[in-house]
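Following this line, the structures themselves.
Both of the next two complexes hold chain A, though its partner changes from chain B to chain C.
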Partner chain A sequence: MKNFLFTPRAAVYAGIFIVLLLLPKMINAYHLSLVETGLSLAIMALGLNLLLRYTGVLSFGIGAYFAAGAYAVGMLNMYWPEYYTFETAILASILVSAAVSALFGFVCVRHTRIFFSILTLALSMLLFAVLEKAYHITGGSDGIRIPIPTFFGHEFEGMRRFQFLTGPYYYILLGIFSASTLIMLAIVNSPFGKALQATRDNELRAEMIGVRVRRFRWYAFVIAGTFSGLSGGVWCFVSGHITPEICNWVFSGEVVYMVLLGGFMIFEGPIVGAMLFTYLRLYAVAATEYWMLIIGATLVILVLLLPGGVTGGLYDLIERFKPKGRAKAGAEVKHA
Partner chain B sequence: MLEVKDVIKSFGKFMVIRGVSFDINQNEVVAMLGPNGAGKTTMVNLISGHLFPDEGQVLLAGKDISTSPPYQRIKAGIARNFQLTQLFEELSVLDNVRNCLFSVQGKLGRFFKPAAAYKEATEQALEILEVFNLAQFKDELGEGLSEGDKKILDTAMAFALKPDFLLLDEPTSGVATAEKFKVMDTIINAIQARGTATMIIEHDMDIVSDYAQRVMVLAEGEILADGVPVEVMESEAVQETLFGVKSDDAVRC
Partner chain C sequence: MGLIYALNGLYFAAFLFLTSLGLSIILGVMGILNLAHGSLYAVGGFIAAFVIGLSAGSAAPLMILAAGGCAMLATAAVGFAMETTLLKPMYRRPLEYQLLMTFGILMLLEDGIKLIFGGESRYASAPFDAMGSVQIMGSTYPLYFLFVMLVAVAAGLFIWWLMVKTRLGIMLRAIEMDRDMAQAMGIPMRALTIVAFVLGASFAGLAGALVVPTTPAVLGMGMDVLIMAFIVVVIGGLGSLKGAFLGSLIVGLTRSFTVAYFAELEMPLLFLIAVIILIIKPEGLFGQK
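Entry: the complex of A and B
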């Protein structure tokens, strides 16, 4: 295991983790809450990229499992407030999103390419319709308020939402984000992760070396769904209020955008993408009411000039300045 | 070892395999010949589980596997290569082979420890790459190999599944002529060390006559001849089917 712990990448990870730990002392509360949004969305982006990069299928309905996670928290508070704590809420978001993604995934993994994408989109819109129309159960388009929970018996009574978010909650979230990242890193490098990549590269061959292709794709779907659910579970506390919009395909599309922006070829790309997107949208919205235009234009520029996303471009740059200069930057990117 | 009994397979109205029966014993190297469209690859697909027969049975060591999915057949000991190379192009050469070993060891579902930390599988994969002369490319991506090396890797992957019955669909097509016999020697030596039964689909007569102990000729979905290479090649019907000539003016191979 030593080889995996003492690498330049591990050093960068540790450095970034320390910066993130010290962040509350470095930036103001407003920006810290934005970082929190970015960190929670990053968990979902990692999940989406397990499908896109490592399984080779593009989900346009990842928001459904995010919503499943967030609504699990909201409805736990609505119907069983006596059990409403942070730990039960997170457990509920994981279980519910795993169940929903297992069900939806069972249908979706029978297909690949555009058929898969359309099915994921259709199923997420089905859930969207239910969340919006079942007013008396889900609060309809009014949504559900998410109050501050207790954390392992510790109460944050009297604390304002803002204080809670920029104080203790930041560290809780950072812990969950770090754990999720490490778990995903382990998954993509494990024999299971390699088998997934095998199904992506060549379904026929994967089948003929004994990979149960659909089943493995289904597992990947459930893992991705659960990551999204966890993401929804931690994000809803940051937002304080959830509406069916998070189940809409527009939101799912934004997650795809995040992954492309950060660079889907590199493991860390989606994390960078989620962070950048959070800020990009903020400044775009502040700058003009036609903010979608800015987002769209960036996407076009990205696809044309920087197909590897921000991290892909960065890796290419590093490769270019490496002394030995192994020329094929693209090949290097694919190893990551 | 492997037994095929009265197998019939149709695609729509077109019957590709018309009641084929044969068996292959342990340690035996059998070549299957036949003109294009005779149903050779369909036969490989029926045995490997990519297709299921409409009628008849495929038995491995006495067990009916006619309707078993591929992963069960691999567990039972059948492996195949592909005529048109099928690799995991964006994985390293080492990973291509190591994935096969994880499959044999039942470790494909392990999702925590990095693949590279499985010492046994990694060492075995390196040994196989060494045997097939691919060790220097272990960190290259599959897509980075030359066509000939891709073909060899394709066969190495089938071999890494440690089969009792190995199906080789034109293992040397696309391999440089100078390398062909080296590759075949490697494969056959490795096979014989394990006592693996093998069926080779091959167009190259030199390879057939050098390596196969038995030849089957498939034509229009039926077995036309089955026997020792020399005898089968002498048969008039076979020469007509394979070379389109009668025995008088046949070019001896």
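Entry: the complex of A and C
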């Protein structure tokens, strides 16, 4: 990590960051709001991948924490409008999603593999049922409207939602997204991240060398949940309206799809996946009433033909054209 | 009224049992959690509604037989197609690919249903109306509900007989216990895996067929059932017949009584029960470690 600033990866990051910074000048407002959706979802995808890639458990209920974050913002506005500012909203989404994931995670981390997936799915449906049934508290299936907040005392008075989203909010979101990416990068490369990977590769061995397997898995669960909550917290301003559907397991399934679409064996894969999925879904919905057919078909083809996702596929392609004799890291992607 | 609630609970448990039975067999033998199971149930429901619509006017048992038979055949065919083309390459793959594959199939099936049957709800209450009702201890109760319970018990006994008494069942259980060893013993894995999947799929179809006389077939009808079946499997233990039976009873009765007394607590209470059982006994009531 110490020399991160001088690696080619840091240069690429800086390049992409500059492009993203200049993006509002290059593309129209409509595409910009799609990019915003993609950037917000990418934070959640990174969180999910901490569980999938680095901890080796597949959560099929990550939407629960996303919803916890988004509903924290919505309910803050409903019940304590005097405290409704961007910074308190984000703080609330982080705290609430951390609390919910700590609670749910406590039950889930006792299991791995299929049982873990079923449990995370079932618990997210529990939250879904609560959000939908408690009509007088959460607005039920009508959901909650999310108005434009103030930002560190700055009022966006008179600004229309559209102007706010394509103007100042894009830079706020970009800042939060960049910070989250760097924090996640630091987490996976930290001793804690390495310990997680040890529990993934061999639970018993990790336990023997002194890693507290369940405890660490729980920490990872809470970190992933908090990332999702933050993602929900920044996303709800983009969407302007939240419903319990974001807590439905089908949404969580789509997030898993995002991560695999981008390629979960590469750190940046989920970010690419979140962007691609946002566009894919939008075009599918715009093109036909049967958009699930398109998403489903692409998913099936992806799983069958491109298990490494888009980044994994590119990686393999680059490896193929490299001079022979170099280590074939692509092999790891293919069979992992 | 308590008796009626109990009977309603048993009726609901009957559906859950039929659905979770299939899910449990597939999970046990193939090690795959079939997220598209609820969609197979929906396929069965739509086919049955269609058949009942065609055979309107004939005797109730005939209608049910035709609807159930067609639904089972159709879901068996869909299951066979699914297994041999899309799931076959998944057995050697990690869990995430297996789950995503069944998730993709779910999307394909849901929109496939919409494409073939259209988006409207389909009503098919003819068999339910034709069967009338009976008097039980002073209250009127639809005969159809009792019939469904009977079918579920029969299905449970059939699976028990199949798994315990026949050679096929012994081989299936051997696969469940130890795949590699079973293969080494010369058990025809491919054929049996297909049998297990088709069997599980057709049970989902049967459950779907039996539900349409009481509630119309609608898009997404399988989603709630799938979640309920998950809870049943979690409570009862993965791949256990006894577990599926007891789990269905617990979920069915709990649901019936909470809906009657505090409707808003229905789902939360079910999940709470599941979580408590998991904390006390992580592998479920009858699950193996």
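We take it that the second predicted complex is superposed on the first by the 323 of 336 C-alpha atoms of A that agree within 3 Å, B and C clash if a C-alpha of one lies under 4 Å from a C-alpha of the other, contacts with A are read in each partner's own complex, and residues count from 1 in each chain.
By definition in this document, contacts are C-beta pairs under 8 Å (C-beta built on N, C-alpha and C of every residue); 3 or more make two chains touch, one makes a residue touch a chain.
In this text, all values refer to a predicted model and were calculated from it rather than measured experimentally.
Q: I'd like to know which partner A:L103 touches here: chain B for first, chain C for second, both or neither.
A: The answer is neither, since A:L103 touches no partner chain.
Q: Counting residues of chain A in contact, which comes out ahead: chain B or chain C?
A: C
Q: Regarding the shared-chain residue A:V300, is it in contact with chain B (first), chain C (second), both, or neither?
A: A:V300: touches chain C, not chain B.
Q: Going by the contact rule set out at the top, does A:R212 touch chain B (first), chain C (second), both, or neither?
A: first
Q: Could you tell me if A:A287 is touching chain B, chain C, both of them or neither one (first, second, both, neither)?
A: After superposition on chain A, A:A287 lies in contact with neither partner.
Q: Within their complex, state which residues of chain A touch chain C.
A: 52, 58, 60, 107, 110-111, 113-115, 117-119, 121-123, 125-126, 129-130, 133-134, 249-250, 253, 256-257, 260, 264, 289-293, 295-297, 299-300, 303-304, 307, 336
Q: Note which residues of chain C are touching chain A in the complex, please.
A: That would be residues 27, 31, 33, 35, 86, 89-90, 93-97, 99-101, 103-108, 110-112, 114-115, 223, 227, 230-231, 233-234, 238, 264, 266-268, 271, 274-275, 278-279, 282 of chain C.
Q: For the complex, give me every residue of chain B touching chain A.
A: That would be residues 48, 50, 69-71, 74-75, 79-80, 82, 86-92, 95, 98-100, 102-104, 107-118, 121, 141-142, 144, 157, 161 of chain B.
Q: Help me check something: in the complex, which residues belonging to chain A touch chain B?
A: Where chain A meets chain B, its residues are 1, 3-4, 186-187, 189-195, 197-198, 200-202, 204-212, 216, 331, 334-335.
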